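Please go over the structures that come below.
Below are two complexes that have subunit A in common, paired first with subunit B and then with subunit C.
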Partner chain A sequence: MTLPEAGSAIPQCTVDFTQRTEYHQGLDAIKAAHKVLKEVSFIPSRPEKGYNGRSLHVDLSSLEVQEKPVTQQMKDLFIGGRGFGLWHLWNAVTPATRWNDPENEIIISPGPVAGITQYPGSGKSLVVSISPQTDIPIDSNVGGYFGPLLKFSGFDALELQGKAGQDVILFIDGQNGIIRVEAAPLEPVDSHVLAEILTRMYAVDEADRPNISVVCTGAAADHSLIGMLNFSWWDKRRGCVRLKQAGRGGIGTVFRDKRIRALVCRGPVVKADLNHPADFETLARTGIKLHKEIRTLDGSQCKMRRNGTAHIVEIMDAYDLLPTHNFQFGSHPDTHRIASDVWEARCSQATVDGCWYGCSLACAKGADGVVLRTGPYRGHTVTVDGPEYENAAGLGSNAGIFDPEWLLELNFYCDTYGICTITYGTLAAFVMECFQRGILNLERTGGLELVWGNAEADLEMMHQMARGEGFGVIAGQGVKKMKELFIANGWGDPKLIQDIGMECKGLEYSQYLSKESLAQQGGYALTNKGPQHDEAWVIFMDMVNKQLPTFEDKAEALYYFPLFRTWFGLNGFCKLPWNDIAPADNASTAEPAKIPEHVQNYLDLFSATTGIKIDKETMLVQSARVYNFQRVFNIRMGKGLRANDVPPYRSVGPVTREEYESRAERYDKQMVEDIGVDPAGKSLDEKIAITRTYRMDRYSKLCDAVYARRGWTADGVPTMARLRELGLDVLPEVVAIVRAHGG
Partner chain B sequence: MIQVNGDPLAWTPGLTVRGVLKAKNYLFPLLIISIDGARVEPPAYDTTAVPDGAVVQVIHLLSGG
Partner chain C sequence: MRQLKINLPECDGGSHCAHECEQACATRVFKLDDGRFAALHIQQLASGEASAVICDQCGDCVAVCPTEALKRNKLGVVMIDKKLCVGCYMCVGFCEKGAFERLPDWLEPYKCTACGICVKACPHTALAIVDVPVPAPRII
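Moving on, here comes the complex of A and B:
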C-alpha cells in the first residue's frame, strides 16, 4: 500500500487482515514424532480470591513434577507475579549460580488480580530468571494468555528448573488435569511458525484454540544472550496466532539452554468470574467506568486504540527525546516517515487488538499483509505485531532507519527469532556508531556495511544471529560484552567505547534520551534490573514541566514511581490504562501526574479480588518489600551496590564534539548559569570536559538523595531499619546480607 | 516576555494558549495548563489570550513509565 506523506490525510488500511502464509501443513508428522517422557495428573482448580494456593515446579533434568504450596507468608510479603518469581528464584539459586547453571529457574507468575476480564490491561504475566546479560535477577512483563490460563488451570506460578536432555515441550492441560513432558524432535524453531502449529496441535477443535497459549522463542535464542520469550494468544478475528514478548534480559536464552522448545497451556474457557473474586460487583463497576472513559476520551487523548504506543514517536521527536544515531541526538528530519499516522494507516483498524480479554484500550496493533523481502521467510505474507514505540524508535531512528516497511521486517524477525527488540535496537545503534568511528570496519564485521540507515545490513546481522554465524554472533552477546571484546582487541579508544555503549548492569537502555533530565538518568541507572523505563519515566516531570527542581524532589519521584510501577508487576496489570488515558476531571485533582482516580481503581480492584482492603500507603509498602528484596538479591549475586549504578556517559551528557555542538547554546548557557564558568575562549574539548565533571558530580549527588529517600546506605544497601519497617527482617539470609554490607 | 515552565518566551499581541503550545512545539495531548495560576480547559486553548508578563505552566501528564 502507499504510505502517506507528512501532513497528508491518513488513508485507511485496505489489506485483508485474514490473509497470510499458513504453516500447519506438516503438523501430523511433527505430532507423530512426539514421545511422552513424563506424564502426571493433577486436580485442576480455580483460584479463590485470586489465589490457587499452589505453584507448579518442573525439574527438566529429572523430569520430576511437583506441586508446592503458596504460603501465607509468600502472599503477605511478595503478593504474586514478580514477587513470587523473585522468591522462588531466591530459594532456587546460590550466590554462585550463573544463568546457565541447572539450578537457575525461569518463573512465570501472573499475580492475584491477573485474569480478570472486567478491567482493561489485567492479563499480564511476570517472568523472572537470572539474566545471561546481567548475572542478576531480571523481570519481564508480558501479555498474551499463558499466565491467566495457567492460573485458571490451578497454579499461581510455574517454576522451570534443570536442563532437559533433548528438546521438550511442557504441556499443561488445565481441562483434563494432565501435565506432560514430551520430546519434540521435529518442531520448527521460529515463533510465528511454532506457535501456530502448537496451537492447532493441542486444541481439540477450532473452538478450543482460544484456550491454548504457547510460550516459545526462536533461532537467535540458541546463539545469543539476548533471547526473548513470545507468549501467544489466538486472534479469532484474524484466524491466527498473535504474540506478545517478555523481552528484556535474555530469558529466551535461558529457556533454550534448558532445551525447552515450548510451553503449552490449555486452560478452561475464560469466564468473567474465574478468579472467584471477593466482590464481583466492584470489579464490574470499576471496569465499566474505565471502558466508558476510554470510549469517550481516547480519540482526543492518546489514540491508543488506533496507534498503540507508537502514538508518541513524533512526540518524542518534538521534545528532543527520540533516540537517534545511538542516542547521540533527540530528533531527526525524517521522523515523519515513522510517525503515528504512518502506523495508523499501516495497521488494520477493522479489528479489535487486545492481548487479554476485556481490554478496550486495545493497543496490540497488527500490521497485516507484510510481504517479507529477506531471510528464510522471504516472500511469505505475515502479520507483524506492532510496531510499538520502542520498536519504531529502537529499530528505526536509533539506527537511522526511517523506512516503515524495513522497520516492520526488522520487527517481524526480532519477534520470530526470539530477539528483544529494545536490546537489538540499542546494540545495532552501538554497532553502527562503532562503524562510523572506525572502531568497526568491513573486515571486522565480515563485510557487513553497518552504516546508519542500512536496513539490509542490519537485517543480515540479525539473520546471522539466528544462524549462529559471523558478526551476528558477536552482536548477539550484547553491548557490554561487545565493549569488552572491542577494547580487548584494541579496536578503538576504550574510554569512547565505554561512553557510547548504552548499557548499565549489562542491560541495554530502552529508547528514550535521558541526557537533559538528571532525574531520568537515575530513572534508568538506579533501577534494580537495569535501564528499562518500566520503573520510572520522569523526563516530562523533570525536563519539560520543571516540577523536580531539587535533588530531594527528584529523589521523591524516584522513590514513588518505581514502587507504584512495581505494584503492577505484583498483580498482573498492564501500565498503559493507568496513564495513557486520563479521566476528564483529572486536571482538578491534587496530584494529576499520578492519575488519582485510576490509582483508586487499582486499590478497589485488588480489594475486590482478594478481599484484602488496602490504601495507597499499603500499596507502596507491598511494592517496597519486593523492591528492597530484589535489591538485596542483587547484592547477594555480587552486584546491587553504588558501583553498579553508574551510567554510561552518553546517557548523562555529550560525549562527542558533534553532540556538544548540536546543543551548544544549551550547554554554554548551562556553563554560565549553573557551573559558573565563562565558556568564552574555551576550546570545545575543554567545554566537554567541564560539562562532564559537572554532570557526573550532580549524578553522584542524585544517588545520595535517592539512596537516602529509599532508606539505603550511601553504598546503596537497604538499612536494617528499612528492613524492619517493611517486615523483611523475618528473612534471616536477607538480614545477614544486609548486615555484611553495612546496612 | 512571558514565562513558560520557567523559561522565557517572547510575547506578541494576540498570543493565545494555542500559540504558546505551537511556539514551544508541545505536541503531547495530555496537558494541564494554567496562566498565572488559573487553569485553562482544552476547549479554550484557541481563544484564551495570554497577557504580557504571564507565568504559564504546561504540565505534561506522562510520568512514571
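Moving on, here comes the complex of A and C:
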C-alpha cells in the first residue's frame, strides 16, 4: 500500500487483515511425533478473591510436577505477580547461581487482580528469572492470555526449574485437569509459526482457540543472550495468533537453555467473574467509567486506539528526546517518515486490538499484509505487531532507519526470532556507532556494512543471530559483552567504548534520551533490573514541565514512581491505562502527574477483588516490600550497590565533539549559569571535560538524595530500619545480607 | 435494518403516561417487574423537553466487542450472544447513547432488540419500528 505524506489526511487501511500466510499444513505430522514424557492430573479450580492458593512447580530435569501452597505470608509480603516471582526465585537459587544453572527458574505469575475483564489493561503476566545479561533477577510485564488462563486453570504461579533432556512442550489443560510434558521433536522454531500451529493443535475446535495461549521464543534465543518470550492470544477477527513480548533481560534464552520449546495453557471459557472478586459491582462500575473516559477523550489525548504507543514518536523528536544514532542526538529531519500518522495509516483500524479482554485502550495495533523481503520467510504475508514507540525509536531512529516498511520487517523478525526489540535497537545502534568510529569495520563484522540507516545489513545481522552465525552471534551477546570483547581485542579507545555503549548492570537502555534530564538519568540507572523506563519515566516532568527543580524533588519522584509502578506488576496490571488516558479534569488536581482519579480506581479494583481495603499509602508499602526485597536480592547476587548504579556517560552528557556542538548553546549556558565557568576561550575538549565533571558530580548527589529518600545507606543498601518498617525483618536471610553490607 | 424510533413531541417524555413502554419492556422482555430495568428510557427534562434513551442499532458496540458476541441478525438488529460475552462492558462504555445497559445481578449486559413490545404498549403511539439502511461501521 502507498503510505501518505506527512500531515496528509489518514486513509483507512485497505489491507485485508485476514490475508496472511498460514503454517498449519504440517500439523498432523508434527503432532504425531509428540511423545508424552509425563502426565499428571490435577483438580482445576477457580480463584477465590483473586487467589487459588496454590502454584505449580515443574522440574524439567526430573519431570516432577508438584503443587505448592501459596501461603498467607506470601500474599501479605509479596501480593502476587512480580512479588511471587521474586520470592520463588529467591528460594530456588543461591548467590552462586547463574542463568544457565539448572536451579535457575522462570516464574510466570499474573497477580490477584489479573484476569478481570472489566478494566482496561488487567491481563498481564509477570515473568521473573536470573538474567543471562545481568546475573541478577529480571522481571518482565507481558500481555497475552497465558497468565489469566493459568490462573483460571487453578494456579497463581508457574515455576519452571531444571533442564529437559530434549525439546519439550509443557501443556496445562485447565478444562480437563491434565498437565503433560511432551517431547516435541518436529516443532517449528519461530514464534509466529509455532504459536499458530500449537494453538490449532491443542484447541479441540475453532471455538476453543481463544482458550489457548502459547508461550514460546524463536531461533535467536538459541544463539544469543537476549532472547525474549512471546505470549500469544487468538485474534478472532484476524483469524490468527497475536503475540506480546516479555522482552527484557534474556528470559527467552533461559527458556531455551531449559530445552522448553513452548508452554501451552488451555484455560476455561472466560466469563466476567472467573476471578470470583469480593465486590463485582465495583469492578463493573470502575471499568465502565474508564471505558467512557477512553471513548470520550482518547481521540483528543494520546490516540492509543489508533496508534498505540507510537503516538509519541514525533513528540519525542520535537522535544529533542528521540534517541538518534545511538543516543547521540534527540531528533532527526526524517522522523516524519516514522511518525504516528504513518502508523495510523499502516495499522488496521477496523478491528479490536486489546491483548486481554476488556482493554478498550487497545494499543496492541497490528500492521497487516506485510510482505517480507528478506530471511527465511521472504515472500510471506504476515501481520506485524505494532510497532510500539520503543520499536519505532529503537529499530528506527536510533539506527538511522526511517523507512517504515523496513522497520516493520525488523520488528517482525525480532518478534518471531524471539529477540527483545528494545535490546536489539540499542545494541544495533551501538554496533553502528562503532562502525562509524572505526571500532568495527567490514573485516570485523564479516562483511556487514553496518552504517547508519542500512536496514538490510541490520536485518542480516539479525538473521545471523537466528542462524547462530557470524557477527550476529557477537551482537547477540549484548552491549556489555560486546564492550568487553572490543576492548579486549584492542579495537578502539576503551573509555569511548564504555561511554557510548548504552547499558547499565548489563541491560541495554530503553529508548529515551536522558542526557538533559538528571531525574531520568536516575530513573534509568537506579532501577533494580537495569535501565528500563517501566520503573520511572520522569523525563517530561523533569525536563519539559520543570516540575522537579531540586535534588529533593527529583528524589521524591524517584521514590514515588518506581514504587507506584511496581504495584502494577504485583497485581497483573498494564501501566498504560494509568496515564496514557487522563480524566478531563486531571490538570486541575493537586498532583496531575500522579493521575489521582486513576490511582483511586486501582485502589478500588484491588479492594473489590481481594476484599482487602487499602489506601494509597498501603499501596506504596506493598510495592516497597517487593522493591526493597529485589534490591537485597541484587546484593545477594553480587550487585545492587552504588557501584552498580553508575550509568554510561552517554546517558548523562555529551561524549563526543559533535554531540557537544549539536547542543552547544545549552551546554555553554549551563557552564555559565550552573557551573560558574566562562566557556569563552575554552577549547571544545576542555568544555566537554568540564561538563562531564559537573554532570557526574551532579549524578552522584542525586544518588545520595534518592538513597536517603528510599531509606538506603550511602552505598545503596536498604537499612535495617527500613526493613523493619516494611515488615521484611521476618526474613532472616534478607536481614543477614543487609547487616553484612552495613544496612 | 429494524430500528426503534420515537416521536418525542408525541411521547412528551412520559409526563402524560405511566411509562407503559418501559414497564412492558422490563416485564415482558426481561421478566423484571421494574420499568427502570427496561432497554429504553423516557423522561422529561427540567427544561420541559422530552428525552429518550433508545438504541438505534448503530453498531458501535459491534465494532468494539472483543469476542464477537455482538452481531447483527438478518434484520440488522444488534444481538448479544451471551455464551460468547466475557462481561467486559466495553459495549456499555462505548455506547454514546447510553443505551447498552447492565444490571448488578447479571454478568452480561443487555440492549434493545427492536422487538416492538414497547411500540404496542405506548398509549400515545409515539414509538414505531422502522426500516432504515444499515450504517457503515465506524472506526472508534
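By our rule, the second predicted complex is superposed on the first by the 743 of 743 C-alpha atoms of A that agree within 3 Å, B and C clash if a C-alpha of one lies under 4 Å from a C-alpha of the other, contacts with A are read in each partner's own complex, and residues count from 1 in each chain.
Rule of thumb we're sticking to: contacts are C-beta pairs under 8 Å (C-beta built on N, C-alpha and C of every residue); 3 or more make two chains touch, one makes a residue touch a chain.
Here the structure is a predicted model, which means the values were calculated and not measured.
**Student:** With the two complexes overlaid on their shared chain, look at subunit A and say whether subunit B and subunit C clash or fit.
**Tutor:** These partners fit in the superposed model.
**Student:** One more residue to check, A:440. First (subunit B), second (subunit C), both or neither?
**Tutor:** A:440 sits against neither subunit B nor subunit C.
**Student:** So, A:534: does it touch subunit B (first), subunit C (second), both, or neither?
**Tutor:** first
**Student:** May I ask you to decide whether A:723 touches subunit B, subunit C, both, or neither, giving the answer as first, second, both or neither?
**Tutor:** It touches nothing on subunit B or subunit C.
**Student:** In degrees, to the nearest 10, note the angle that opens at the C-alpha centre of subunit A toward the centres of subunit B and subunit C.
**Tutor:** 70
**Student:** Which holds for A:288: it touches subunit B only (first), subunit C only (second), both, or neither?
**Tutor:** In the superposed model, A:288 contacts subunit C only, not subunit B.
**Student:** Which partner chains sit in contact with A:574 here, subunit B, subunit C, both or neither? Use first/second/both/neither.
**Tutor:** Neither subunit B nor subunit C is touched by A:574.
**Student:** Subunit B to subunit C: minimum CA distance in the overlay, Å?
**Tutor:** Least C-alpha distance after superposition: 19 Å.
**Student:** Once the two structures are fitted together, what part of subunit A is touched by subunit B and by subunit C alike?
**Tutor:** Of subunit A, no residue contacts subunit B in one complex and subunit C in the other.
**Student:** Please give the residue numbers of subunit C that touch subunit A in the complex, ascending.
**Tutor:** That would be residues 63-68, 85-90, 92-94, 96, 102, 104, 107-108, 137, 139-140 of subunit C.
**Student:** Please name which positions on subunit B make contact with subunit A in the complex.
**Tutor:** Within the complex, subunit B touches subunit A at residues 5-6, 25-30, 32, 39, 41, 57-65.
**Student:** Quick one: in the complex, what on subunit A touches subunit B?
**Tutor:** Those in contact with subunit B are residues 300-302, 312, 314-315, 318-319, 533-538, 540-541, 544-547, 557, 561, 564-565, 575, 578-579, 582, 586-588, 592-595.
**Student:** Please name which positions on subunit A make contact with subunit C in the complex.
**Tutor:** Touch list, subunit A to subunit C: 12, 117-118, 210, 236-237, 270-273, 281, 284, 287-292, 294-295, 305, 349-350, 352, 354, 357-360.
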